[in-house]
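Letters are used for the chains, namely A, B and C, taken in the order the chains are written, and counting of residues starts over at 1 for each.
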Amino acid sequence: MTHPEYNPSKEDRMEDQAKPVEPSSLRRAWARFLKGVSYFSGDMEVFGKWMEKRFFLLQLLDWVLRGAAQVMFVNNPLSGLIIFAGLILQNYWWALNGFVGTLFATISALILQQSRGAIAAGLYGYNGILVGLLMAVFSNAGDWYWWLLLPNIFMSMMCPIVSSALASINSRWDLPVFTLPFNILVCLHMVATGHYNHHFPQVLIQPRSELPNITWSEIDVAKLFRSIPVGIGQVYGCDNPWTGGTFIISLFISSPITCAHAILGSAAGMVSGLALSAPFEDIYFGLWGYNCVLACIAIGGMFYALTWQVHLLAITCAFFCAYLGSAIANVMSRFGLPSCTWPFCLSALTFLLLTTGTKRIFKLPLAKVTYPEKNLAFYWRLKKQEKAEKALKERKESEEREEQLKAMNEEVILNEKEQLKLELQRMEEEKKENVPGKPSQYVWAYQV
Amino acid sequence: MTHPEYNPSKEDRMEDQAKPVEPSSLRRAWARFLKGVSYFSGDMEVFGKWMEKRFFLLQLLDWVLRGAAQVMFVNNPLSGLIIFAGLILQNYWWALNGFVGTLFATISALILQQSRGAIAAGLYGYNGILVGLLMAVFSNAGDWYWWLLLPNIFMSMMCPIVSSALASINSRWDLPVFTLPFNILVCLHMVATGHYNHHFPQVLIQPRSELPNITWSEIDVAKLFRSIPVGIGQVYGCDNPWTGGTFIISLFISSPITCAHAILGSAAGMVSGLALSAPFEDIYFGLWGYNCVLACIAIGGMFYALTWQVHLLAITCAFFCAYLGSAIANVMSRFGLPSCTWPFCLSALTFLLLTTGTKRIFKLPLAKVTYPEKNLAFYWRLKKQEKAEKALKERKESEEREEQLKAMNEEVILNEKEQLKLELQRMEEEKKENVPGKPSQYVWAYQV
Amino acid sequence: MTHPEYNPSKEDRMEDQAKPVEPSSLRRAWARFLKGVSYFSGDMEVFGKWMEKRFFLLQLLDWVLRGAAQVMFVNNPLSGLIIFAGLILQNYWWALNGFVGTLFATISALILQQSRGAIAAGLYGYNGILVGLLMAVFSNAGDWYWWLLLPNIFMSMMCPIVSSALASINSRWDLPVFTLPFNILVCLHMVATGHYNHHFPQVLIQPRSELPNITWSEIDVAKLFRSIPVGIGQVYGCDNPWTGGTFIISLFISSPITCAHAILGSAAGMVSGLALSAPFEDIYFGLWGYNCVLACIAIGGMFYALTWQVHLLAITCAFFCAYLGSAIANVMSRFGLPSCTWPFCLSALTFLLLTTGTKRIFKLPLAKVTYPEKNLAFYWRLKKQEKAEKALKERKESEEREEQLKAMNEEVILNEKEQLKLELQRMEEEKKENVPGKPSQYVWAYQV
């Protein structure tokens, strides 16, 4: 997995395979370029390994940067750096809160002795950055209200606890926890304090009792297109289109497939908003996009291996997510809450729980998930391996049959051994029936 | 299982067994009658098999009809046909929406390559018909608002995805998904759009802040009795008592036990409404009945084998369901939502998760669930088999003991083989301890 | 486990171990005193066993008393008696309702043939007493409204059904059901009837739209300190500080560790209330304390073995619980509901689902949970055992290695047997990978 040949994070890989007989000097230059790209694209594995021997605070910075990017499923410190740049472009105070959140979430994970690998991948930081950012975004006390750092630190440090608890549940179905800890903790803080709190007032969110008249002639196509990067920016609570733009760049660096699905998801959200006659202001503000962005990335190549069926599934999921987003926003506004990324979590979990008969929709085991390009390589390798194994098995079986004929002529004393073997096989088959991920067969089979 | 003797779907079976020495001509006529009945009662297995070789569109029609009946746990195309007749009696537009919903849900399941057996049993259609019907019922845009078919088709096609996802979870406890996908998707659509939406307005549902004075002298006993069939009709959102009547007929054709429990459930709901001082109008309108109908059917013979203890449990469940129905209706009205069949789902799932020490409350494995009469036959057969096995085991054990005495005199070389056997047994026992459905023993055992 | 040496429920145990060479007469007197204490402290195991041969109604009384104390995780009839005394001190009618609730919940569990051991430990009674008490507390019909006993009995009898159902789910993660059945059933009753119901009106609970101005000079420090016992009393819905005081005594009798954590939890709740600028009246009334009391007891020594890391975790959990309490109270007030003990249940479950790398946070298997002192003894014994086993294993392994060398010289005929063994090992390892409680490793490992 450390071979640069397996790690070509750009779409040029296709091209690379298509021209196997080029002059060697050009090929060598190309290979060198690919190797160079592989150093800062994908999950920057080489850099991560190099970091392991560095000073602890440097390592921590690496983890925090990766945590910042992990919100978008990107395990890349360079992307994290660009994302922080985007946040500073939006608002200094928010960026500071985000940084504090990521830092303390990571420290808390270290104190609780969580898996060092997961911490190093930023998997304990991404909820922290969202908690920090969104608590600042939804605070009604204005910027630079320093007291806010107290609940911010407390909630960030709760992140690994809630993450670990949710992982204990979700792991039964081999599902990730997504941003559920962030959703839980930010909603907790907001509803525990509320708009009228004296210490930590929240912005006032009220249910809409009437919708403004929508006149299609008033639509602003430029703003509509701008809502696509804004939607990507809203993943981090930012409404600045330039911030959204830098986020797109940070995605492209790590994984072009992720980047493409992010843009597709944001567009799907915008279209859904128009279809369900949402107020134009909400659509321009990117509120219909950010959940779809995340859902589309998660399904489109991240947790499923990307085939065109999965691509269609990802787009369906984005539309479903937009519908769900509208529903959850309406419900949560009754409690003065924003919808956070609940719609993304619920829709993506639903689509990941799906079981189908087709092999073209392949859900990767959670332990093998890296980034879309590498996932795809893993899927292809697995398919090749399966073919090879099948051929081997067939040959073996024919040999076994011959041996069995021989064995039948042998002594009766061996019989008991055979029975034990059969029992083992039976037990294995029983186990296979109990294997998770394939439950629908015997569930749906009733009344057949 | 194809023997007509095992398939006597009428209560006359008792009578049949009581007179074993009748003149042969009468017996033969009786057997012929039973066989005739078996062709269109129960799950119409013979017809289903005959259909397998027919033209695809005819098969699809069979699946759609079975799907329509599966709302009431009935796997019978004839019942489905009668139910569609009842729906047309109520409202053409609603019936059309229901048909579209069932059709597209089934097609979507085919596209997603779900289990063909489950599709053929209508298990992917019943959520579709409810989604289609109830989206039409709760639409505020009036009948024949053709745009409604768009979200109808989208939501129907989402049914198999949500069903499959929920089945992945529920199958861990060997539980069915009931009508949860319908509940989720219709609530989703209604709360995502709401009363004031320009494209898809919903009827206005508001929380009750005051209850009208109830004067018991004003009670209308005729209407109260009519609320029983109306309650059965409300399962499909229909308030026409004749529609409810046709539904009763369709149930009786397939399974008299189901039919009896449906009526009992509706009556229990009505009584609960009076006990909790509900407005009479709600009771007359069948709103207290439909959840209890479904809960009473599910517990009373469908997922448990019918004994008189289970019968009492089913009635308890119906009363609990009515209580829950009132609670959920009050909560959901705050969001402008109807209670759908959430109360049924939650109460039936609770009662199916129950574990008791008594063998008289026997939960059928989900894969063996068909219809109450056949379930009962399965339960009886299992009991007989258990007795036989027990007797056999006792005989075997005594023989084994003798053999063990012999074996102890045999060579030491065999010892290791025995150890392997013991290990196998131990492993099997360990597995048995982890078997689902019997967890309460070691859970509740603490502090004993 | 019946040795009094293993059962020293007082903190004097430390002292005891510190002076092992005292004169024998004093030691004997001390041992006699400890034995005497062990008869009515802890879980009164000796008394429970003696009761087994008594008249059924006496046994039932024992179970009811234990049930009353189990709300605080105390399995002790004497504590139960003192708690009932405290309830009578508060309000006769409430105490009667609590007694009826416990009685009928226990009877219902007997009818449903639940585990006799769990019934005898009062594990089916504690939800019943809370259901009975709180339905009386929140009823708006005034005291001695005898009709209230009807829903009280119905809901109490539903307790074992809901408990059993929830246990089926929670047991998958080796979690207790806590007071979830009580929360579900009381909320069900309250929201199903509501403030305006003619038969069973509830007290009016409304969301707070404005917070009163808080002037810190107005704070009453005496009341603030009194809120600590009041908070403990509020676990049973009592606002009388003397009632709270008797509860503290009842806790101390059974388990001083539990008692200490109860007081700590109540204090943590009070501090959180001040930090989140809650109205002083709420804090004085103990509304910020009771959930934290339960959460702090549950984590601090009851379900985890008490180490100082766990002690810190328990205090963190109390603070988190207070935060959650405020959030849930705000959400549920929209439906006219109190927050019951939902915050405790959710926060304690979250903290019990936590998985960490450190061995100092040891979650006891549910079947081994008794009371903090005994749990601690179990944990220490287990640690000793582990050490001994490790030493033994190392010795064995070296011996095995020698044997393997010998075996390699033996005949080839044994090879197949070895293969079977290897297969067995492999299968066992596979099983170990699927073992619950250790899922986080492979969940979080993605993208590492």
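In this section, a residue touches a chain if its C-beta (ideal position, glycine included) is under 8 Å from a C-beta of that chain, and two chains touch if they have at least 3 such contacts.
Keep in mind that this is a model prediction, so the values were computed, not measured.
Can you give the rotation angle that fits subunit A onto its twin subunit B by Cα atoms, in degrees and rounded to the nearest 5?
120
Quick check on subunit B against subunit C: do more than half of the interface residue numbers occur in both copies, making it same, or fewer, making it different?
Homomeric contact, different residues on each side for the most part.
What is the distance in Å between the mean C-alpha positions of subunit B and subunit C?
The separation of the two C-alpha centroids amounts to 36 Å.
Scan subunit B for residues touching two or more other chains and write them down.
In subunit B, 172, 334, 417, 420, 424, 427 touch at least two other chains.
Flag every residue of subunit A that touches subunit B in the complex, lowest number first.
172-173, 208-211, 213-214, 275-277, 316, 319-320, 323-324, 326-327, 330-331, 334, 349-351, 353-358, 416-417, 420, 423-424, 427, 430, 436-437, 439-448
State the interface residues of subunit C toward subunit B in the complex, per the touch definition above.
Its residues touching subunit B are 43, 75, 112-115, 117-118, 120-121, 123, 154, 158, 161-162, 164-172, 174, 176, 187-189, 191-194, 196-200, 334-335, 366-371, 417, 420-421, 424, 427-428, 431.
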